[in-house]
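Chain naming follows the written order as A, B, C and D, and within any one chain the residues start at number 1.
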Amino acid sequence: MAMLSRLESEAAMNIAGIYPPITTPFNGDGDVDFDALRLNIGRHISTPVAGIVVLGTNGEAPLLTESEGDRVIEVAREAVPRDRMLIAGTGRDSTRSAIQAARRAAGLGVDAVLVRTPSSYRSQMNGGALIAHYDAIADGSPVPVILYNFTAATGVNLAPEIVARLADHPNIVGVKDSNGDTTQIAELVRTCSGRLSVLVGSAQTLYASLCIGACGGILAVACIAPHACARLAAFVSAGRHADALALQFRLLPLARCVTTRYGVPGLKVAMDAAGWIGGPPRPPLLRLGGEEAEEVRRATCDFFASEPQPSPLA
Amino acid sequence: MAMLSRLESEAAMNIAGIYPPITTPFNGDGDVDFDALRLNIGRHISTPVAGIVVLGTNGEAPLLTESEGDRVIEVAREAVPRDRMLIAGTGRDSTRSAIQAARRAAGLGVDAVLVRTPSSYRSQMNGGALIAHYDAIADGSPVPVILYNFTAATGVNLAPEIVARLADHPNIVGVKDSNGDTTQIAELVRTCSGRLSVLVGSAQTLYASLCIGACGGILAVACIAPHACARLAAFVSAGRHADALALQFRLLPLARCVTTRYGVPGLKVAMDAAGWIGGPPRPPLLRLGGEEAEEVRRATCDFFASEPQPSPLA
Amino acid sequence: MAMLSRLESEAAMNIAGIYPPITTPFNGDGDVDFDALRLNIGRHISTPVAGIVVLGTNGEAPLLTESEGDRVIEVAREAVPRDRMLIAGTGRDSTRSAIQAARRAAGLGVDAVLVRTPSSYRSQMNGGALIAHYDAIADGSPVPVILYNFTAATGVNLAPEIVARLADHPNIVGVKDSNGDTTQIAELVRTCSGRLSVLVGSAQTLYASLCIGACGGILAVACIAPHACARLAAFVSAGRHADALALQFRLLPLARCVTTRYGVPGLKVAMDAAGWIGGPPRPPLLRLGGEEAEEVRRATCDFFASEPQPSPLA
Amino acid sequence: MAMLSRLESEAAMNIAGIYPPITTPFNGDGDVDFDALRLNIGRHISTPVAGIVVLGTNGEAPLLTESEGDRVIEVAREAVPRDRMLIAGTGRDSTRSAIQAARRAAGLGVDAVLVRTPSSYRSQMNGGALIAHYDAIADGSPVPVILYNFTAATGVNLAPEIVARLADHPNIVGVKDSNGDTTQIAELVRTCSGRLSVLVGSAQTLYASLCIGACGGILAVACIAPHACARLAAFVSAGRHADALALQFRLLPLARCVTTRYGVPGLKVAMDAAGWIGGPPRPPLLRLGGEEAEEVRRATCDFFASEPQPSPLA
């Protein structure tokens, strides 16, 4: 409990920064390629990211078995030094499964858990249900909990008034909002600031979100352009708004390709194009091909052609 | 394979009829109450239903562990006689997990599997992804596959043109559509009739769906009013349309309470009110209380007060 | 007032049947072609339709000026004999304008007015606003009022509980629902039957809607296939369900082309293909061309190739 | 034409700033109260707004007759000095009516017209239809055209790629986007900057939108808090981001009350509470009452209680 209260009082500081929600590489048989995972993580931590997130949406967590997920955490824990945050996605549709997943992840050494809203019974997920769900998880989790809202993927919205209520729990330290709705981000900052950290999950609104008080981002595009994301955040901190805006505009086409437009299959193509290990997604996700893959590769090259510093792997 | 081709050639006949997608009872500790499950199944099979479905949405399958789900199938298999269909929900977001779940269910003796669309990466679930997903499952499943479409719950629509393509697979024998969209039901019947059985998943459109060619229904309200549902289907078969329509109108308020309005928590309250074992749902689903529960109880009593024959448990 | 009470008491009978919501033809200058309008109406009334609707969505009423609309009514009144119903769309976003439009139409001799929900301030159009709006119109209209609900076009839903309340007004005699949601049609019939006539506005659900108690339809496809629509309704009245269903299946592709798929531009191409005067729509609607127009023409030809009786104009 | 090319070349400069889309006051009989309109405009132009917009959504333009609208413009033209912009909403669902409305407004002396997307045939409003519509209006309008996008009200989205194409027209000088989607605002600025002015229509995203390059806003809340909106814009121009953000947070609850939460009825209550002439809306809009009106009044008082300078009317 000493650890928890320390973490809580320093929550905003601890969670601030840019985090890539890293992908899970698969080999030709469709199994998790743990060697490739290690290589990618090694490269991620050579960049100025504050930590990494495993088993998020981009990590294809909904397509992994429980034991595969546990092994991903183990490998990541070995590869991520203690001065960087290791966060694991542990959301489950059932409250009791979500608690168990958080406990298992904590036992494997993660620093915090990122818990998406349940989605199976979306029409029943009113404020009362969501508050009871997260309170129970926060009570049961040995490590701090970060709420995760992504309505386009779950059909559920974690409204600011619900988050404001959950912010009272000492073990809930942050919220990641991926809706791309800066009014909602602003309301989260306005009503919860000082009580929990607000992280943006949409790189297309990174600059705007940092302006209105988000303290960082968990961003798919940070899996390929971590330096740029970190630089944008540094520009905002330094009051260099014109530089931040110019970089945001350059990031827009690439960020769109690897999220709203082509999702994880697009992200993996972009990773391959940028020198990381992308590889195939796991079915039912299909490998992107043809003109769509070409569009992603072009957006990736266009982006790095204009970067003042080389691609991290050049 | 002999069994498969027999089933396939007679698919429409075999799957026709009314099926309750039965609930999973939980005890005070939140564990599955297998004794209650057995009691409920015993009563279900004393009614004129064609079989039962376990581990569907109403069975809170997304909230059960894999081992709990397996045990539910085992218990059901012991309780359901061989002349009734036992169907298990085995949909998973990952294709390989869905194949494994179908195999495990087949090993435990189910007659067919009901496979909902994946929902985690809905924006990527285009026709190509869905066809590859279901073809792989149908290839891998030892028992016939019934497609399951429920857009309000998954954010994905299994459009008639996709189903028409999947109907070419000899191991895909039916489709359950719960969207309540009779134009889509009509298109399914028009384009797939004779190749697969079309089952409706919305009791509010039961009569209309049977009129336009559906061969049966998998209906939450059949968990409490199986005789009425079966009688409505028999009326349609006998050309007694006025009787069918009158019964449909009487079913409407109850059917709404246990689906679109209050979901599984509403269904469990109605079961308790009608003499079945409902009990609490599993969190994050909350037990229905107060005026809402009262409304469900009233709708249940109103319905049975007007039934020409007593409640099955009276 | 004597007329009103007579109409009201016989409402269901008077409004029953099939109505084409006729199009407004335009000449090469984009002006209303009243001669073509007269020709089309002459043909419409040579078919077994119960009447015609002018100035509906298919009539491009939102694209006409008030004086053009008045002239359309005048021309129609001259062309429609007194033993057929002439109904005019008079919905407006403002309550006072809607009352004036109803009065003007009544002065020009229409038998009833069809009043779509207001749509400009949809988020404010709650039950109270809609009830006050329609009550005021029904008070002010010298002729009976038919409510018109089409959520896909207006963003507003006229829920059955609102309609049930409005059915108390003696001058509200019917409701047209174009949502294609047969559960809603069923609820309308269940709660309002005997008090107002329920008309379906979606030909894709015509058979199902008649089964569940609708007394007729106002259907775009009736602008090209009035005999078939009327025959389908007659089949249902005669209890010839198999014949009705077969005809419904044949109508589905054509009905889709001229509504949800290609709208008014599709309908006008189909009219041209079937020997009526379609012509161009008014901008911003664009004339359908290329493969899309070809698809509509093919659907039209396919439909008439299988008709047991010739196209009305052959 | 000389005027047009001058305006075009200086478009960004001319349209920058804060504009209230002023309301239309009605008297007890429901007629436009032109005296109250004059009083309100007199007060608006005593504040640091760049101009005013009449006949927008907040002006209840869809509920006015053509002649009422013309008279509103006349009154406004008399009251607004030539060094402030007078912009009139002239969007219509038909292209030819929209051209005529723009010509009439120009004849009455407006500086520019604001043209919302057509909404009646939303499913047909693809890029081609929207481009042809706006090109024709821009060709026909004697004064510069500002595009207006508000998907929640119209069901149509004017996507950045469409706007980028329309920006080629010399008489299209700006776009107002009210969707509250800062990714879309950013794309508009990125792809159209220097060619047309981007104005935000959602005060809840005012600060974020100015950060990413919008040059001003047409904001309901500017009808009651014009000084604060102008001050926020000045803070951003001066690089005083912390001050801008603090003011944005204070504006959030009030801005929400008068837009997404309670719309025009909420705005009119807030105007009454702040010393302007609000009065009743025109039916079907209902006057806000009870607890809802109280909530709006409280939000208004809370806002002004914390203003460093007095309410403009104090």
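The rule is simple: contacts are C-beta pairs under 8 Å (C-beta built on N, C-alpha and C of every residue); 3 or more make two chains touch, one makes a residue touch a chain.
Being a predicted model, the structure only gives us computed values, none of them experimental.
More than half of the contact pairs of A-B, counted by residue number, reappear in one of C-D, A-D or B-C; that pair is C-D. Centroids of chain A and chain D (each the mean of its C-alpha atoms) stand 37 Å apart. Counting only residues that touch two or more partner chains, chain A has none.
In this structure, the chains touch in the following pairs: A-B, A-D, B-C, C-D. Chain B makes touch with chain A in their complex at residues 30, 57, 62-65, 93-97, 118-125, 128-130, 132-133, 136, 152-153, 155, 260, 263-265, 282-286. Within the complex formed with chain A, the residues of chain D that make contact are 180-183, 186-187, 189-190, 202, 204-205, 207-209, 211-213, 239, 241, 245, 248-249, 252.
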